[in-house]
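The following pair of complexes shares a single chain, chain A, combined with chain B in the former and chain C in the latter.
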Partner chain A sequence: MNSYFVKRTGRAILTIWLVMTLTFGMIRLIPGGPIEMLRARLIRQGVDPSRIDAIVQTYKQDPTPVYVEYYEYVTSLLSGNMGQSFYYQEPVSALIVDALPWTVFVMVTATILLFVIAILLGALMAYHEGTAFDTAASSASILLSSIPFYVLAIGFVVVLSYQFGLFPARYRMSPGVEPGFTVQFLSNAIYHAALPIASVVLTQAGLQALAMRGNSIQVLGEDFVRVARLRGLSDRRIAVRYVGRNAILPMYTGFLTLIGFNIGGSVILEQVFTYPGIGYYMYQALINRDYALMMGVFLIITTTLVVSVYIADLTYGLIDPRVQSGGQSEAY
Partner chain B sequence: MVKVKHTESDSTTSNEFEFGTTSSDVEVTTSERLRDIYEEFVYKPGLVAWDDRRTRIGSIILFAYVLIGTVGVWLYEAPATNQDPRSLQPFEQFFVAPLGTTGSGEDVLAMAIHATPAMLIMVLAGGVFATGFAVLIGTVAGYKGGATDRLLTTFSDIAMSIPGLPLIMVVAIILSPENPAVIGVIITINYWAGLARSIRSQVLAIREHSYVEASRTMGTGTTRIIVKDIIPNIMPYVLVNFANAARYVIFAAVGLYYLGVLPTSVSNWGIQLNNAYKQAGALSGGGTFYQLLVPMAFIMFIALAFILLAQGMDRVFNPRVRTRMAGESKSESDDDTDTAAPTEVMN
Partner chain C sequence: MTQSHDQHTEHIAVDDPIIEVRDASVTYDEGTSYVLDGVSLDLGRGEILGVVGESGSGKSMLASALLDAVPDPGLLSGTIEYHPDSGAATDILELDTEDLRALRWEEISMVFQGAMSSFNPTMSLRKHFVETLEAHDEDVEAGMDRAHELLEDLYLEPDRVLSSYPHELSGGMQQRALIALSLVLEPEVLVMDEPTAALDLLMQRSILLLLDDLKEKYDLTMLFITHDLPLVAALADRMAIMYAFRLIEIGQTEEIINHAAHPYTRALLNSTPNLDAPLEEMRPIEGQSPAPINMPDGCAYHPRCPLAEDQCRTEVPDFHIVAGDHGSACFNWRESYDEIELVHLDDGERAIPEGDRQ
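Entry: the complex of A and B
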């Protein structure tokens, strides 16, 4: 167990490093550097051509070879410095520290909420299998899952925000609201996050509910459940301890990977809601060729993904004692 | 299971049974093999799938899309700027533009119809690449074990850890692909990894089965064991995941077009969404909701088709999901221990 822990940790760190190197190289392949984008932006703003050249000149640096850039990036990263954003003219770490909590708040809340709904709904469907309720709930789940979350988000903004004015269409809080542990701030933040969260929950809960339903039905048919019934255990105990536990277990890994996946999906969601989280910055960085910011966001999302899979792998053995983690197999 | 059949092309081989030495005593002609593959992977699953209401509806919807993408494109005039009067409401002039026109006079329905063929190619290319690559990596890693397994598993773990959508966006900007097949492959550039991982864990159980062991002791080659003994076992699971991958390709492709990351020279539902959403945001808004609804409906129905197919096939093939009431009819309980492989849900 201990050597497995060390190995698994080593692999997580190796993965993060490899992904970082890969993205570092890949980002340099994107056509058009930050300078060209700046020039294009200035031209679009109608700035005088001679002034454009002067502005661009101040940003020009001597071209450094990629490996020197890489070395400098990695060394400064190790000391906690993620570089300076070219577009926003702010340290990348400051931007990320500002944006990350919002994205995590929206996506983690949404994922937890959708799993709670899915588990309850799935269990109910399994217990009432074959009834009209089951058919209706299954159909609704399938129908809702066929909508991409951003399509529902667009629909929400157009109908609920523009037409009826019920919810804010953009930004993470109203202007003038100060962050802090005040009722006003918290309710305002939730009010702004309601539509993004709802569009993720409604479109993703369905398939998870169907997975839960399938798991529960399978567990209900197992012999140990029959034995538990014969022993005269209460229905409640059977439902929670015997069926619920075994049906939820296979969904645990999926839960953690879905969190990471949704944080990646924030690129589209935050664009629809103009919600400045890390996905929003990722898009801005990509469009403006802001290398440092792009790297920073990539690293943060990758780390989130790696850490959630890592936690899933390490804790699965604790939650389900039948699986001993780190089993090795004979080679053929 | 050994079929001894003589056909004109392989009349030379005698059919003595020699255990252990050669891997294939029985030669089968290509046409026979094709027919076998058709029976095993198309006809039989098709027959089973047709029994289920969901797969039936899903197939019908999908067939409708194929019709739209082939015949529909040919019948219905392509969209062009100022082809019709501007900003027509749906049904306002039914025979000019049944579902209305955009602010620049393009037929909304024509835009949606002419986006279909590229979308179908993307879905096919992405689905084939994702499942094919996942099967290759998953089966080899699971069957070979040891160092090969460690190497391939690390490879797919790394691929899995790269944030999918941001990665696709960067690659899409670097390559700025126009060919829908290339777009499909780019979208599934790391989608295969999760699937490969769950295939591997299934193969780990399958490789301990006695018939696989028998093949191994007889000295059958790795490739042959994987193709003949292992892949048929995971085929249902692969088919279900093909449908899931297809849905993922649709969601991601439309999303990328919506963001404007992919070249906007072609027509796509995502581009339609983006244009309509921008207009709806303007103060004039309100009356342009139909321009959103048409592409939304096109996206939803094709996604619905794939979900229905995936759910239906899962129910038919997978003993886990088979209901208690359907009874013990013919549920061969041979692999009821596929570890932790819930339907991979990624959208």
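Entry: the complex of A and C
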């Protein structure tokens, strides 16, 4: 009945499989590896070369064919086993389960917040097109959008955290706070997430506001808005049902993909704020050559992006009647 | 021939006008140039008036003016009096926001060119009807019954159309649904701005026939705006010709088609493409119509008019009464009969020399 749904699902699964396979292949192409690292360390420690060979020999496994390794890699991934983190000495999946909710919390909150601000501001600018307010808001939007979020983040840490001590500069919560549905925990979590969220919102809202402004101006010029006014509909109804809805629709896909992109962007953001989410672990894994952790986080980040695009594809038809599951024949 | 016997007037009146437009002008630059220039005309109760003009002649502006809905930041001046069936006449341009909101769609309704863009693409047609009824505090149930009947009158399946989204309907269906939407509050006057422009010929004809039926059934007065002269000639009781933002000729359809007295109207009639006529007989009008910022002095048509003389270059002509309620804004309307032959008339119809009429 729904070939569109099947097609999109198939495409999402194919993309994730490709990412898995590429990760597997690329890690294999990286020169060196844990054994080379071990040998180098032993040489630095001045161990006798013949002794080194013997130690290395104990670690060396019988060479297995690539396809067997690939098969084992895929099957263990499917059973949720991402291997052991070499650096943290913990299963990668446990680290990710611990870190992912925090990253999702920060990035989803930030993305929702920035879209709400952008939609309101953009619509306001469109309704006041050409006024001083429009010019000022557009200029501010362009200015803020041209600042990279990590530059603003560093600025926040330096000024607001170190100079004035208004916000914490690191960690997800203060020491001693127990996670749970308590006011203390929630407010503490928000307090720690405020600066990361603010740096994303401030640097990304502008571009979306300009997009909303452009969409709204276009919709305001449409005949159906003029006809709606002549039909005597209230300004509020026209703003919400006519202008708002038609201007926001094209931004919906961008919204969901931006969530995915921002979760990928957490690598730098969480490093700046020393915020232990998956981005933070990704960075630690890179520094420490923790391949298993690196692969795990990489997979999670790409999967999030693929899933958000997938959700956007599937749900767009629900909010826009013109896109009703592609393959369906025209009603008339 | 001298001008002294000539009767002229500011406008051609009708007996029982439902709308009286007097000196309606629209400017976008505070009076330096006009996109509707001193138009005065009466719309008789129960008639179909066809307004014909080429693109950019101000005819859509006239339609918008009737609902005081000139696109911003246009300035509309003059008076537009609406005479309801009972009660006192009101000047539409003097109404406050709330009264104007009530007048539009309840008394004077409008069908725009391009039905495809007149519906909100993300809303079903039923919602369009319901919200219109709600906005005018009408009983929704009774209103929807009317909508069903209207859609049926227009040969649409009401339930199917109402539950559809605009994109699910063909152009002709959307146009008919839009006509139904414009009539759902039972207005007295229906202004149609090129309602058939985007449709194929067969659909144009069938919509015109439906309009004629609707007009009878719902006792409507219609102002039908088009650039397609032969199309409206089949439908309209009277015709008004616009050129360069002014009204230049008005009269009974029959009169205009056979005895047009303005050189422009005659040239327009001659330039109408006809499938039967050989290509050599096609007579396009030389030159082009003026832009609002570059209007010639005097009669706007004089640069293209073969009969133009000094007076035409300095004075804007009033309406000269040609016959009864046939008026032509031309100093030389008598000469135009002889100078510009109408190609569509065969010899039989021209037995009486046109110049000798009256």
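Everything that follows uses one rule, which is that the second predicted complex is superposed on the first by the 285 of 332 C-alpha atoms of A that agree within 3 Å, B and C clash if a C-alpha of one lies under 4 Å from a C-alpha of the other, contacts with A are read in each partner's own complex, and residues count from 1 in each chain.
By our rule, a contact is a pair of C-beta atoms (placed from the backbone, for glycine too) under 8 Å apart; a residue touches a chain by one contact, two chains touch by 3 or more.
Here the structure is a predicted model, which means the values were calculated and not measured.
Colleague: Will chain C clash with chain B on chain A after the two structures are superposed, or do they fit?
Modeller: fit
Colleague: In the superposed arrangement, does A:309 touch chain B (first), chain C (second), both or neither?
Modeller: first
Colleague: Could you tell me if A:207 is touching chain B, chain C, both of them or neither one (first, second, both, neither)?
Modeller: After superposing on A, A:207 lies in contact with chain B but is clear of chain C.
Colleague: Contacts for A:24 in the overlay, against chain B (first) and chain C (second): which applies, first, second, both or neither?
Modeller: In the superposition, A:24 contacts neither chain B nor chain C.
Colleague: Examine A:301 and indicate which partner it touches, taking first as chain B and second as chain C; both and neither are also allowed.
Modeller: Touch partner of A:301: chain B, not chain C.
Colleague: Have a look at where A:255 lands relative to chain B and chain C in the superposition and call it first, second, both or neither.
Modeller: After superposition on chain A, A:255 lies in contact with neither partner.
Colleague: Return first, second, both or neither, reflecting whether A:215 touches chain B, chain C, both chains, or no partner chain.
Modeller: Only chain B is touched by A:215; chain C is not.
Colleague: Could you say whether A:223 touches chain B, chain C, both of them, or neither, answering first, second, both or neither?
Modeller: In the superposition, A:223 contacts chain C only.
Colleague: May I ask you to decide whether A:264 touches chain B, chain C, both, or neither, giving the answer as first, second, both or neither?
Modeller: A:264 contacts chain B only, not chain C.
Colleague: Of the two partners chain B and chain C, which one touches more residues belonging to chain A?
Modeller: More residues of chain A are touched by B.
Colleague: Can you work out, in whole Å, how close the C-alpha atoms of chain B and chain C get once everything is superposed?
Modeller: Minimum over all C-alpha pairs of chain B and chain C: 9 Å.
Colleague: Once the two structures are superposed, pull the chain A residues common to the chain B and chain C interfaces.
Modeller: Comparing the two interfaces on chain A, one with chain B and one with chain C, the shared residues are 249, 330-332.
Colleague: Please give the residue numbers of chain A that touch chain C in the complex, ascending.
Modeller: Contacts found on chain A: 222-224, 226-234, 237, 241-242, 245-246, 249, 320-322, 330-332.
Colleague: Please name which positions on chain C make contact with chain A in the complex.
Modeller: 67, 69, 71, 101-102, 104-105, 110, 112, 114, 117-124, 131-132, 135-136, 164-165, 167-170, 173, 181
Colleague: Show me the residue ranges of chain B that touch chain A in the complex, using the header's touch definition.
Modeller: Residue list for chain B touching chain A: 54, 143-149, 154, 157-158, 160-167, 169-171, 173-174, 176, 194, 204, 207, 216, 222, 247, 250-251, 254-255, 258-259, 261, 273, 277, 280-281, 285-286, 289, 292, 296, 299-301, 303-304, 307-308, 311, 314, 318-321, 323-325, 339-347.
Colleague: So in the complex, which bits of chain A are touching chain B?
Modeller: 11, 14-16, 18-19, 22-23, 26-27, 29-31, 129-130, 142-143, 145-151, 154-155, 157-158, 162-163, 169, 203-204, 207-208, 210-211, 214-215, 217-218, 220-221, 249-251, 253-254, 257-258, 260-261, 263-265, 267-268, 271-272, 282-283, 286, 294, 297-298, 301-302, 305-306, 309, 323, 329-332
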